[in-house]
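Please see the structure below; I have some questions.
Labels run A, B, C, D, E and F following the written order; every chain starts at residue 1.
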Amino acid sequence: MVDAILNSGDTAWMLTSTALVMLMTLPGVALFYGGLTKKENVLNTIFLSFMAFSITSVIWVIYGYPIAFGTDVMGIIGSPTNILMNGIDVNALAPLAPTIPLLVYVAFQMTFAAITVALVSGAIVERMKFSAWLAFVPIWITLVYLPIAHWVWGGGWLAQMGVLDFAGGTVVHLNAGIAALALVLLLGKRKDIRLLPHNLGYSVIGAALLWFGWFGFNAGSALSAGGLAGSAFLATNTATAAALISWVMMDVIKTGKPTLLGAISGAIAGLVAITPAAGFVTVGGAIVIGFLVSIFCYIAISTVKSKFGYDDALDVFGIHGVGGAWGALATGIFAAPFVNSLGTGALYGNPGQIVTQLIGIAVVGVYTLIMTLIIGVVIDKTIGLRVELKEEVEGLDTHLHEESGYRI
Amino acid sequence: MVDAILNSGDTAWMLTSTALVMLMTLPGVALFYGGLTKKENVLNTIFLSFMAFSITSVIWVIYGYPIAFGTDVMGIIGSPTNILMNGIDVNALAPLAPTIPLLVYVAFQMTFAAITVALVSGAIVERMKFSAWLAFVPIWITLVYLPIAHWVWGGGWLAQMGVLDFAGGTVVHLNAGIAALALVLLLGKRKDIRLLPHNLGYSVIGAALLWFGWFGFNAGSALSAGGLAGSAFLATNTATAAALISWVMMDVIKTGKPTLLGAISGAIAGLVAITPAAGFVTVGGAIVIGFLVSIFCYIAISTVKSKFGYDDALDVFGIHGVGGAWGALATGIFAAPFVNSLGTGALYGNPGQIVTQLIGIAVVGVYTLIMTLIIGVVIDKTIGLRVELKEEVEGLDTHLHEESGYRI
Amino acid sequence: MVDAILNSGDTAWMLTSTALVMLMTLPGVALFYGGLTKKENVLNTIFLSFMAFSITSVIWVIYGYPIAFGTDVMGIIGSPTNILMNGIDVNALAPLAPTIPLLVYVAFQMTFAAITVALVSGAIVERMKFSAWLAFVPIWITLVYLPIAHWVWGGGWLAQMGVLDFAGGTVVHLNAGIAALALVLLLGKRKDIRLLPHNLGYSVIGAALLWFGWFGFNAGSALSAGGLAGSAFLATNTATAAALISWVMMDVIKTGKPTLLGAISGAIAGLVAITPAAGFVTVGGAIVIGFLVSIFCYIAISTVKSKFGYDDALDVFGIHGVGGAWGALATGIFAAPFVNSLGTGALYGNPGQIVTQLIGIAVVGVYTLIMTLIIGVVIDKTIGLRVELKEEVEGLDTHLHEESGYRI
Amino acid sequence: MKEITAVIRPDKMEVVKEALQEIQCNGVTVTEVKGRGRQLGITESYRGRDYKVDLLPKTRLEIIVNDEDVDSVVDTIVKTAQTGDIGDGKIFVSPVEEVIRIRTGERGEKAV
Amino acid sequence: MKEITAVIRPDKMEVVKEALQEIQCNGVTVTEVKGRGRQLGITESYRGRDYKVDLLPKTRLEIIVNDEDVDSVVDTIVKTAQTGDIGDGKIFVSPVEEVIRIRTGERGEKAV
Amino acid sequence: MKEITAVIRPDKMEVVKEALQEIQCNGVTVTEVKGRGRQLGITESYRGRDYKVDLLPKTRLEIIVNDEDVDSVVDTIVKTAQTGDIGDGKIFVSPVEEVIRIRTGERGEKAV
């Protein structure tokens, strides 16, 4: 047990990590997605991430944090004390990270909630009503994200069962991927479902900032500045590089030509897959996890998606859903006790961890799917989910926002 | 009193913060402004920030730092010793931040001076002579920024009076806003005063990097990695999110459509307003400060500006001037002694702080306005402030720099 | 001697620095270069950096690190133990930086290797086969970068001779610049050798992120969060600002007009030149080093290059080669023992250091030149270095990658 | 030979192109333009101010055809590009005196 | 019917457009082009090297009018787009044989 | 007077421009366009799916000349823009009835 004494080094790293994770959403996700849509929708796409981040920021300090991380109530939910951070002393330390101030921990966790819902937006771009999104964000955070975060990270029942999720394979990525799938099932296909990125440069900037910020996401999840953070950092970078390379390989195998969109898609897939495993595996494990995730995602996107015909516009399910599930499972395989004593995977003699991980995946998947469908249907019946056809065809930027992305 | 012993955690956070604040100017402000101008002026607009940062960087290490932060001379100015950092040992600690190296403190403060003058450029874009700007930057830093920084932060008379300014509501934002106003009064209107952003994507990247870097600006102003930094961090993010939401609301109320430019403008306004208050207020206070600032700025820009007819091109006065003044005032209202024992606002039984804050606002406002007008007039009489009409109409990039922003 | 005890503050700073240096390549170098090429090659140009970073990342954890930094074998090479980081405990401290975890040190050094080879790509853009680049990266890292890094930083013979290179003037910049020269000699001129940047905004973002990340590169090379890091930080910023200003001056002198490309080129030149000196010189020294480097690079690019007629497309040799050599030499002149006891330059009574530095420059220059020529010739004979003329003229993006950068 | 210039809605481009292909009319040169006709402009608003944007994005097709094909091409475009709302666009037909295929140097009708 | 093609300075676009509107000439198709006439190019310089940019940005207006309106439109453009400096641009008038309004299928003068 | 419209490969622009300059044909208006002729399109692929891009980038030159210069201009373009491969482009010649130089108000042949 670590002594509950403020450690300025740990605090410095966690402040930095929090800022890094914030950067992942704004402008990371916003640009990554914005570059992939049609130019007539670039502003709307970016806007979705900005609203996701801002609404979540406010909710989190009002009641979100205690519900996810407050004193556990029967494994289900945290107790909603400390509304508006009331009663939290500036110098109080975090119960779950006793060397850093609690307020730093609150801010760090907030950025995770925000990016999760921002990720969902990639699936529904180019056709969802802006007002529907504004309603979706707070409801989904409250009814889906907060409980799941509590179950896995806040001392809830999945944590008690031993589900391992270092930085958010299930809580963040699988969760976002499944929610995305649920929404697109309700929303239906766009009239033009082609993926012809209007400005890959934006997506490149977004992807690189995601990679950069992800060091805060994963190495920050060590909650201290020591060996474990270093190990998670190196595992993260290694898996990402491996996944980038293997997606490019898949491109070459399938179409004969390596693509830059493939490369950055692979990088994101690698980052997703290593997320739950980062603080548990060796660099050898990281290479395998990264190398395989691109193959799985590539197949999901190029085969499964066209077979079933759902219109997951920017492949949120294909990358975050599939990659997050694979990462969570792989954690159960590759977790090495000499990296982190909290996790032992099948490869090191604990095959039961695979089962535990599968339960975690199934619970999160099913809960998110059902709840998101319900939320989506309710919004559809009240506000309506989808814009007018004319608005969709001519572009959301001028119709919904009276702005246009370029005057070049 | 903190012991004067190097704390590596504090130092790590201050090194990081310094880099973050640097990023706010380059490319933060540069891009935020660059995206909002006409495409024919994008390079010139960006260039202004680069020159502002570079000239200030050099001045600061030669004589700027000691004048602002050297031993106080009668409350007016610091004593100009340590020219070129001479006599400062690499391992010397900062008198005003005794757990970090003095050179780190010097670098941190330099980035504040640089961004202040870079912010001014937003008002005068699309028509100011480049050579006039090159003259303005060093003169203004020397005659306006250095004294004000000394008065408020360097132990000068305003500090002695008890004016509270955690990270620069008066020193940076009000100061920049008023200087901007002074310059545009001298420069006059552009021929085409419409605000039709040529590339909102740049402004989005700029705004997001500003938000990101501002964590260094505000949480870094705690000068250590502990509870106060955490509190300032969370207050900063919360106020920003609230301000973004309320600007979007104002958009909907006024034009019926939420705009992305409104969202990022609101975010900047929120960051500005929370700046002086970040290390003094609760998240509750932060929400109020943020929510209100967008309303004030929105009115200033859409009503006051068109009434008086000055051409503050990118609304530096409207956002930084108004927002900075509001933030400084709000600090006098919401400062909570249990957050930071150095500040108690009206809400916690010290109404006199409001008066003190108003004096700070008035002093900075009047001093900056008069000095900047004088500097501007002198430059106008010698170098000339404004470009030829033909250059203005056809664009500054090709005329002043023989370059063009896009070949797409 | 520092005690071998984990220091969380040092670790926090090194984790941050590692992330910062990663950002320099992705998207720093990628965007800086991408904006300068023709729009038909923007994706290919960016892609080269992504592949350089990813391939190096994987190689480094497999065998790169121990070869460069493992136990010295006769001053020539490190012993290749710890393949795949095997046998490195998560909590082991770095032999060469005994207050931080070894894995953090491994990650930090990896980012240096990656950026070095990514820098080379700037010379060969718009005409090199993608497959040839994929072959070049791992071979060059193995045969050129690893030995040189060992010689200068890993305790090899140049280190033993006393060559000073704080953060990579010879290992990174001179090395990249000479390799670039070697490759363009083999590749030949492009059909259209004009430098007409298609999107200077990208280059501005890239340059600013390089500047930002370089604080991790240089101040991170102190390997701890203390006075030396602060000094290196301030020297870095000062030299960069001075170099930006002097390049702009050269522009005005030569063409009468200051250019933004000149400004950012000057900034990069300044960053390059201060790199080997950052932890050894005063801010006075930094100003001189920065001010002069732009003049040298400007002359190299505008005069020498056109005289000899090699097609160093984006001036990798002209900026990194020339700037790196000047910086390495200048370290021998300006190194002040009161800044860092490890280095005393000619100005402080040790003229012999200049000779040592010149030997370092010569060894790295000659070794890199010869080895890169050999590697290049072998690749040319097997894979072929250059694309078809038609592909070159119509653009690499559509021909090699079946993608296009803009759909605006 | 005639030059048919059609200014249509950008989002109709795809269907028009396909319909033209079906009637063996392959050659076409396309330009992104902005235009104004009877259609009113749209409004964009920035920081609370409205700006009228009265030139709207349109797509301009330039098709050189032999005289006998003019009617079928024009009819095809009208049929596929029509929505019935203002802003559908216009077609202009002008005379062309000579056509040259650069690749072969062929001239006249066979070069079309 | 005639097609009037005017190539003007981009910064004159706004006034020309307004002047045309005043004489009830609303229909216009606008293209961003580059051009060269008597006007010398400009120079751009990158890293100390000068590059001649001899094609300068211009704005091209394409206006279809009935025969009787040609003169007033041409005069309006000349009057508003003139600065007297080289680079002011040119106007070309060509014959148009048929005009079709896509929305209604109307043809001829009433479709203009 | 005639209007010569040439649609050529973008990478041939530079040589064509220089060749035209040599025969004293300076005036030209250039537009970036996309086109389709006999040339097949190219394929772009994103995340494993292929998209046919059948409109390829071309450069369109518009040159107004006096009648006697038509042949030399056309010949020059054909000579310099030809590669012999499909996709070389096309040239169209149409009648122009009037030319006005905006700067001076001059009309007719001397305004060209």
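Worth pointing out:
Just so it is clear, a residue touches a chain if its C-beta (ideal position, glycine included) is under 8 Å from a C-beta of that chain, and two chains touch if they have at least 3 such contacts.
Note that the structure is predicted; figures quoted are calculated from it, not measured.
Among the remaining chains, those touching chain B and also chain E are C, D. Of all residue numbers seen at the chain E-chain F contact, under half occur in both copies; the interface is built from largely non-matching residues.
Ranking C-F and B-D by contacting C-beta pairs places B-D first. With each centre defined as the average position of its C-alpha atoms, the distance from chain A to chain B rounds to 33 Å. A straight line joining the Cα centres of chain D and chain E is 18 Å long. Averaging C-alpha coordinates per chain places the centre of chain A 51 Å away from that of chain F. For chain A, the set of residues touching two or more other chains reads 7-10, 12-13, 16, 196-197, 199, 205, 225, 255, 257, 259, 261, 402-403, 406, 408. In chain F, the residues touching two or more other chains are 31, 44-46, 50, 94-95.
Taken chain by chain, the contacts fit none of the simple shapes, being neither an open path, a ring, a star, nor a full set of pairwise contacts. Pairwise, the chains that make contact are A-B, A-C, A-D, A-F, B-C, B-D, B-E, C-E, C-F, D-E, D-F, E-F.
For chain F in complex with chain C, the touching residues are 11, 14, 42-46, 50. Listing the residues of chain C that touch chain F in their complex gives 192, 393-394, 398, 402-404.
The residues of chain B lying in touch with chain A in their complex are 7-10, 12-13, 16, 20, 38-39, 196-201, 204-205, 208-209, 211-212, 215-216, 219, 224-231, 233-234, 237-238, 240-242, 244-245, 248, 255, 257-261, 263-264, 267, 282-284, 287, 338-340, 406, 408.
Taken in their complex, chain C has these residues touching chain A: 6-13, 15-16, 18-19, 22-23, 26-27, 30-31, 34, 42-44, 46-47, 50-51, 53-55, 57-58, 61, 84-86, 89-92, 100-104, 106-107, 110, 130, 199, 202, 205, 225, 400-403, 405-408.
Considering their complex, residues 44-51 of chain F touch chain A.
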